[in-house]
């Protein structure tokens, strides 16, 4: 099967064929049906997100109303204010979440780029063994590994630290990242690499000048997935952090569920928290979209 | 990791034997004489404190704020931990040595942690405190293990029967005469449900283990039954009262005396139910007084004790939190000072009573704030007939959403399974849990 | 240039940071966990050796089988939806037109928010009294009384959770399928059109067989992910009612954290991991055969 990895911009064969058929028939029911379907799907996908954002700007009583209103009758930033002032303050939590995510990206890239390079292009001894180890990491529920990790981290002072949590997140992301990057590096045409070698590049320079640019979409994909995973991860953060000043955003969201006195849900604050959690992920995705999607496609199709 | 725990326990045991003292704080010198506690901070530097979420957050915030105002160089940094994770978090903290200086803990877990020697023994430090003689019985019982004391009350909740006087009048019942037995409760509920509309006579939370032990447990206690297995080889769920109450609740549900939606109540909206004005009578806690007033200012309601099968029998669940000191804490003396602060006359009146929360000392019930609030006085009566379950496996036996207590109740309320089988199954499961505890 | 022992050791050098990391932070905790599984370990009391007791206890533990059965049920329902649905969506949006590209982008958007956040969002939407699903159904006249979606009936909870996970995850499979579909050389599809093949014939005779490898890969990822499902159940039902919606990993979590039975939780994890390993091996063997 062909190794076409950059077909994202090219009009694929099937669409051309169908366009041909449509031309013969004229814009028929088919075209409208497809169009309607697309619009319907988009609506279904976006509606929940929109609902959450709208709910987050309802005044507190309306947010807790039953039955609920669809559109806010009044716009208010009450819920955001409560979130802002929640215990150590939203800024602290955002800083912790963001910091951990950035560290996770850094660790992940620093480890997986060379590793993927090695697995794609070098005859590493005991390669199967390495794959088995990586596979293992993928199928063991990481929730069970948290306690032994926590006890070890406590001894070396890595608890209550963003670095410690980033290490946990990196460990979770590593197998998937190595897999995607490895496939992407393996798909880089040998001629490019040989050309660099002929020009006198050593393996490191080949990596920097040939592979990374060629597999850039996959690198962006790995970074993006690492960010999203770390930004949203809950249980590891709960186990590793016991100082309020080190809590991350997901922990605050969990708290919003029992926030009103005696354990009731603060729906408005929950929606505000959900909205704030979603915004960076969607923003980064939209900005880096063309890398992300093609990176995934290239990383998975061998 | 394994050797470390062994060594810690061995070291502590040795220290205890050699010193003959019961202080298990590794960081203080063996011969330190215990300075009498005061209501102010003795050391310097902030204290760290954990407290579970989903409790009486307002109360705890007020108490911490009061301490911080009095001791600005020794502030308490409070962190709220999601309450479902609290037990795990405390255990991890202790195992890793990263513990807060003091801890607010759901009182029901104290036996488990004191048994495991994970709390600092405070007996010698609080010896002869007059305040403790009148402190909440339920709290003091669970804070005691093998005659040593490990904590003092932080705040108290009691359960009682709230009843809607407006609905009573509409149903032709005397609003000054709440039911005094299960049979009366049933009759009154029938009459109120007959009013129709969206009104029902009673309330049963269908998916919340804690709500049920808080409000249905006392019905069993009042009927002479025992619920929890206190330890291995102890028999749980004994007494005719268990079956009587299960039958009572099943009949209530079948008679249509509870709303359909009650079945999904998992505790998150429990405290909002009575204030809706749609429930005639409901077991709930003292916290519901202010809440109901805020929700429904015009509603007239009264408070009675939760009844049992026999006329004029009653019981209540004393819940709330304790302040304890985890093993490994570096500020034991100041933690104890905080405890004395909590139990002091001024704090009892000017912080607890002023906020219309129960005072944790029975002798402080007569104060100016309560005098203006007959309802609070009524609910404080529940302290006298109240109990707190004592077991080292409370969470798994009773409070767990996946545990045998809730399963038994759900089968009684919503199925037709034979009640003897239901009780027998729950007994077996609870015994299994207790035998491992 | 590509051979030689020097190159092999250079490769090992590049690999070593990741390898060391995995050893330190995955393999070592795994070994610790295996060690813990042979003990009764409560964190607050000294651990006691019990050998393989935890394992035999697991096999006789009713809840273990209930959880495993429920996890299988969840996996068996959600996987076909994700694969078939994802594939159909891929067929729909793999074209080049603007509308299709926009649809592709929108369909992928839920993938980039977290599973925890998505679960909280749907927990709200499915809430009996506060959620929009019941409000909409009532306003449309479909139901008269609010439906209790979560926490009371295991099957209904399962369906609600599956709906939320499908919403979130289907875009991921879709994108992988689009990649595979677009990798088919245009000559092949154009030739089939010339031969008079209709749309569905093209799909079943040409596109599907040529993308089979990706389909199996996505199936594998989906099955493993579903067998390891935790977040959505922790947030939306907490295993209710009566632990009937408690998945295998949720049961592991219960034992490892609130119950403080870490040894037992560790044993359960080992059993689960071995089971998934077996599933994975079987699926990989199937993949290898189809690749021939």
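Going by the order they are written in, the chains are A, B and C; count residues from 1 in each one.
Note that a residue touches a chain if its C-beta (ideal position, glycine included) is under 8 Å from a C-beta of that chain, and two chains touch if they have at least 3 such contacts.
Predicted model only: the values in this text are computed from it and were never measured.
Enquirer: More contacting C-beta pairs: A-C or A-B?
Expert: By the number of C-beta pairs in contact, the winner is A-C.
Enquirer: Centre to centre, using CA atoms, which chain is the farthest one from chain C?
Expert: B
Enquirer: How many angstrom lie between the CA centroids of chain A and chain B, rounded to a whole number?
Expert: Here chain A and chain B have centroids separated by 42 Å.
Enquirer: Centre to centre, by mean C-alpha position, how many angstrom separate chain A and chain C?
Expert: From the centre of chain A to the centre of chain C is 15 Å.
Enquirer: Chain C: which residues touch two or more other chains?
Expert: Only 32, 43, 129, 256 qualify.
Enquirer: Give the residues of chain A that touch two or more other chains, as numbers and ranges in rising order.
Expert: 147-148, 152, 257, 265
Enquirer: Of all residues in chain B, which are in touch with two or more distinct other chains?
Expert: 1, 85, 92, 95, 269
Enquirer: Which positions of chain B touch chain C when the two form their complex?
Expert: Residues 1-2, 5-6, 9, 84-85, 87-88, 91-92, 94-95, 113, 116, 118, 206-207, 260-261, 263-264, 266, 269, 395-396, 400-402, 406-407, 410, 436 of chain B touch chain C in their complex.
Enquirer: List the residues on chain C that touch chain B in their complex, please.
Expert: Residues 32, 39, 42-47, 63, 128-129, 145-146, 148, 150-152, 238-243, 246, 254, 256-261 of chain C touch chain B in their complex.
Enquirer: So in the complex, the part of chain C that touches chain A is made up of which residues?
Expert: Its residues touching chain A are 1-3, 7-8, 10-15, 17-19, 21-23, 25-30, 32-33, 36, 43, 89, 92-97, 99-100, 102-110, 112-117, 120-122, 124-125, 129-132, 134-135, 138, 167, 171-172, 175-176, 178-190, 192-193, 199, 202, 207, 210, 213-214, 217, 224, 228, 230-231, 248-249, 252-253, 256, 262, 265-266, 268-269, 272-273, 276-277, 280.
Enquirer: Taking the complex as given, what residues does chain A use to touch chain C?
Expert: Touching chain C: residues 1-5, 7-8, 10-18, 20-21, 34-35, 37-38, 41-42, 44-46, 48-49, 51-52, 55, 64-68, 70, 110-112, 114-115, 117-119, 121-125, 130, 133-141, 143-149, 152, 167-168, 170-171, 174, 178, 197, 203, 224, 228-229, 231-235, 250, 253, 257, 265, 267, 270-271, 274, 277-278, 281-282, 284-286, 289, 293-294, 296-298, 300-302 of chain A.
Enquirer: Provide the residue numbers of chain B that touch chain A in the complex, in ascending order.
Expert: Going through chain B, the ones touching chain A are 1, 48, 50, 53-58, 77-83, 85, 89, 92-93, 95-98, 100, 267-272, 287, 291.
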